[in-house]
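In the two complexes below, subunit A is the common chain; its partner is subunit B in one and subunit C in the other.
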Partner chain A sequence: MRDAGALDPATLDADVIVVGAGPAGSCAAIVLARAGKRVVLIERGPFPGSKNMYGGVVYPRILDQLIPNWWLEAPVQRWVTRRSTMIMTDDKALTVDFRCEAWGKPPHNGATAFRPDFDAWLADKAVVAGARLICSTTVTGLLHNEAGAVSGVTTDRPDGDLTAAVVIACDGVNSFLAKQEGLYGEFDAANYTLGVKETLALPKETIDERFGVRGTDGVDIEIVGCTGGVNGGGFIYTNLDTIAVGLVLKLPKLAAQKQRPEELIATMKRHPAIAPLVEGAELKEYSAHLIPEAGISMLPTLSGNGMLLAGDAAALCLAAGIWLEGVNFAMASGMYAGEAVVEALRAQDVTVSGLAGYQRRLEATFVLKDHRKLKRAPELVLSDRVQHLYPEFVTSVAERMFRVDNPAPKPGVRRIIAQERKRVGIRRRDLAADGVAGLRSFG
Partner chain B sequence: MGREVWPDIAFQDRIDSATFRVHHQAHIVVDSAICGDCSTRECIVACPANLFVPTSDGGILFNYEQCFECGTCYMVCNREGAISWDYPEGGFGVVYKRT
Partner chain C sequence: MIAVCLKWVDRRPDPARAIVVAEPDERFAGVSAADQAALEWALRQRDRVGGEVVALTVGPSAAEAILRDASAAGADRAIRIDLAFGAPSRTVATALAGVVGEASTIWCGDYSFDRGTGSVPAFLAHDLGVAQALGLVAVEFTDAGIVALRRLDGGRRERLSITRPAVLSVEGSTALLRRASLRNLLASPIIERVGAGGGHADALHPVEARPYRPRPRVLPAPAGATALDRVRSLTAAGSATAAHGETVTLEPAAAADRILAALVEWGYIP
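Moving on, here comes the complex of A and B:
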């Protein structure tokens, strides 16, 4: 327990310090400020979003609870109405293509957006609610009181120490605050992927034509089999007059081979299924960022005395193949962290047990439910078989089904499947096991 | 349209497309003496900014200025103490563009 004095608002610079004005931090700050708490939101970039990159599509449904009709004002590029998953080998590609016109209209589903726009917009909501946003300030460590509980932060500003009853660390994937507090063990490279992205300019009409959409409708393409010897995946997203083309690459595999990230992107861009989409586009910005990829298996301890972790700092990003959702998990976990802290402050108990409402909320909602349901998915999607054998198997089955081999008669599909499985070198029991694992993960 | 090859983006143009507010103090420091004993050299292929350059005497030349602050280097490096990694001073370093 903390001594009562530590919670005396008069002796503290703030009720709550939120570190990092990404989606997690801003949503935490919105909830706290609206509850009348004195919140300081600290961001190391010159403005919120300036350090942040992603694919990207945001799924802002959770914002219904914080910003009604958010779609009327959020800085969106396009509304995703078409989602494709592409499985490719060097010279073949099989695509599952889905369209939903309704997603182009309110209340929408996913939207492409630039993080420097989106994060700045969301942080402004916290400021409007009364939070104090301090940018260009890096938090360098945690302060502790005599009882050993977190009691504030140190920063790189002169006389920059700030005290508060609770610190919410929303400092992203390299959360040194979580590490300092011992909530992670060592960071293990096997749990992370590197995302690299080219933002490429094309005229809006060209994007509309090449991707088969109109107006502000947009496209999201996820790709398996485009990362050479490295386990990972690729993505293409349409913005209004740019497209985002990138890869996520498993760190240990990337480090153990010879091709650099930008060379792997260049190879994907030359693929016959991709080249016509990206040809002639001009590079506007290159960017790179890590993703906590391992899901529930890498989950750190989510709270300490006087401290909570949310968003990527808590490894809550869902990276499971066809799903790459992190912003929504960050917004939700930030929001629930804010609610739990309001509760804890009311009860005058900010110890781990006083803050237990956070874990309870995560367990009761999609945040941890989705992670538990998809707990095998990241490993399966990034497994060697899915990455390096199945694309060849699936695309060659398709090739033989669609090939007309007259005068030879059409072979039966069952036979093609059996033959290609053997040719590619997949054991029947592995295929069955992966099928079951897939159903268990995604089913 | 087949595998028609158009010139890929030159690496320097790629890096110059991003904005970096360079602080006079390095946020990442590499101890080239430790790198001298490293045969695996994970950093060289993995750093998206290509900031780790092998030198003729077997060490590593590192320049912090155009760094994405991603964390890849310290994650993949297996030598204790080779990389001291920190964020740059607040307000400095990479700044991604607004529209």
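Moving on, here comes the complex of A and C:
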């Protein structure tokens, strides 16, 4: 048990300091404040969400536990009722398109939302629950007590040190607080991708017409094979009167190819399958951000004495091909971190063992279960074959199946597949191995 | 008492807001750089000569956010005068005058971020019957009092020795507001709330919302033999621009007549 004096509320400025008012930080603060703890939520931006960017779709199912009927009040742009996966080469595209009308109705599935709206709304829930939100304040380091445990933070404000029994670092990808505490191993750029996004304005009716939706129904398109020689993927999401068009690019490849991300987006927008969707749109915003892409293989140590990591700071974003889910993993991990800290404070033990309830919760729920299940997915999806050979292979097979070559008779599908596999240069052995890996990853 | 008047505004640059009065989105709301400078000068004055800094705003309850920030930066008291957002400058000044009558110095920003006419400080000085020094680009505290530099047209400056009580409005470039300490931010300041007195919350209702277009100037027909000469004489292209103006010494009434005549001559009034 930790020295009781170190946990004496009278000697501490707060029970818990949460760094970063993104989805992870706000959910942690909501849980803690509702449990009656003194929580200070520190955000470097002028308001929560002001500095945050992402592709655009949140899957807030986990909020059922924190904010019942959240869909009645969450600041949503459109409810995703149509999901497409597009595999493309320079001049071809094959799309698998799925629609679900039920997702447009409560309790919904996913929604497009703007982060300055969504994060501000979520942080406000923490404030209403009793958390103190301090904005325009950057946490610059960690304080430690004589025993070496984390005991607070330093900030960039005058008189800016603040003490607490526990610090939850929710400061996003590349968390320097986690690094300062030695919770990450060696930095490896291969574990990260760069996400870049253009927000393009179009009238709502034009978006409805081009994407085949009505009212507040929306579309989520994930794309493979649109990133030039750089490994990665693309996305298009519909907001009410804007669309988000972006790419996720593997860092070492991007650096090696010396290609500029905005040029790659421009190339994608010129593709015959994309150009009609974005034609005439006005560029409103360009943004970029890192994504911890490597999943479980880059997972840091999630806790230290007096400290927990949640959300992207803990590399818990799930980036596995057709799934790019970070916000829900951040909200859930923040929530579980909050619960674990309440438990630890009750037991007067905020050492690593006192905070072990956090890891237990993550292991028992989708947060680490999904990561473990999909642990091979990031590597597979970003592999050279999936990125460069398979799109050509799949779209050529489709092209030959749909091509009418009269007077020649239709070739059999098996023959087309064999011929195209050979032409593209995929070894049967690799195809089989990737098939097994795919089944293992996603199955 | 040293008063500082702060206006709660939407800080996003949106020209439409200058003509359509809409309550700010709280996330983007705050005070202008000029109001921040005003607060900094008020705090510097107190640090030098003592006294108490009272931060005031006229607005709805959401505007209290800027008073909390002012308190965190060091203001000793904070007062919100309750009035709906978008009240006319005249009404705002009257409401402020009802509260700051005791102040020796009243600091304001030279204009707010939204409408930005700079008229509140002028109305306020008028209502209080005190001296005004508006549009200040530099301020200095001396043993004798406050000395300030005022911006005039044509890049000229006027040096003022300020007799108090006075209303001073400063430009944003004159001072950078000190950063509030974390302790002060965490403290919960007491915000006093007062009614607007005689003031009423009649928001501006523009009859027609359209961008500002200056009135056309009526000019005499240009002289010149050729079209090119006439265009040259109209635009003064190709010649060094002759500065308007002359210095004359006249009685006030004659001076006013001379100014009017010059404005007609230059085409500013028909």
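One rule holds for everything that comes next: the second predicted complex is superposed on the first by the 442 of 443 C-alpha atoms of A that agree within 3 Å, B and C clash if a C-alpha of one lies under 4 Å from a C-alpha of the other, contacts with A are read in each partner's own complex, and residues count from 1 in each chain.
The rule we apply is simple: a contact is a pair of C-beta atoms (placed from the backbone, for glycine too) under 8 Å apart; a residue touches a chain by one contact, two chains touch by 3 or more.
In this text the structure is predicted, and so the values were computed from the model without any measurement.
Per the definitions stated earlier, placing subunit B and subunit C onto a shared subunit A by superposition produces no clash, and the two fit side by side. With both structures placed on the common chain, the touch criterion links A:Arg44 to subunit B but leaves subunit C unconnected.
Looking at the shared chain after the overlay, A:Leu254 reaches subunit B, while subunit C stays out of its contact range.
Of the two partner chains, subunit B is the only one that A:Glu279 touches; subunit C does not reach it. Contacts of A:Val167 after superposition: neither subunit B nor subunit C is touched. In the superposition on chain A, no contact is made by A:Val327 with either subunit B or subunit C.
Put simply, more of the residues of subunit A are touched by B, taking subunit B and subunit C as the two choices.
Of the two partner chains, subunit C is the only one that A:Pro158 touches; subunit B does not reach it. Using the contact criterion defined above for the overlaid structures, shared-chain residue A:Phe114 touches subunit B, although it does not reach subunit C.
With both structures placed on the common chain, the touch criterion links A:Leu318 to neither subunit B nor subunit C.
Using the contact criterion defined above for the overlaid structures, shared-chain residue A:Ala288 touches subunit B, although it does not reach subunit C.
Our summary of the superposed model lists a minimum C-alpha distance of 8 Å between subunit B and subunit C.
In the three-chain superposition model, subunit A touches both subunit B and subunit C at residues 46-47, 50, 116, 120, 137, 155, 157.
The residues of subunit B lying in touch with subunit A in their complex are 1-6, 8-9, 11, 13-15, 17-18, 21, 40, 42-43, 45-46, 48-50, 68-72, 75-76, 87-91, 93-99. Across the complex, subunit B is touched by residues 44-47, 49-53, 75, 77, 114-117, 120, 135-138, 155-157, 173-174, 187, 189, 192, 194, 196, 198, 251-252, 254-262, 266, 269-270, 272, 275-276, 279-280, 283-290 of subunit A. Across the complex, subunit C meets subunit A through its residues 27-28, 30, 179-186. If you check the complex, the residues on subunit A that touch subunit C are 13, 40, 46-47, 50, 116, 120, 132, 134, 137, 155, 157-162.
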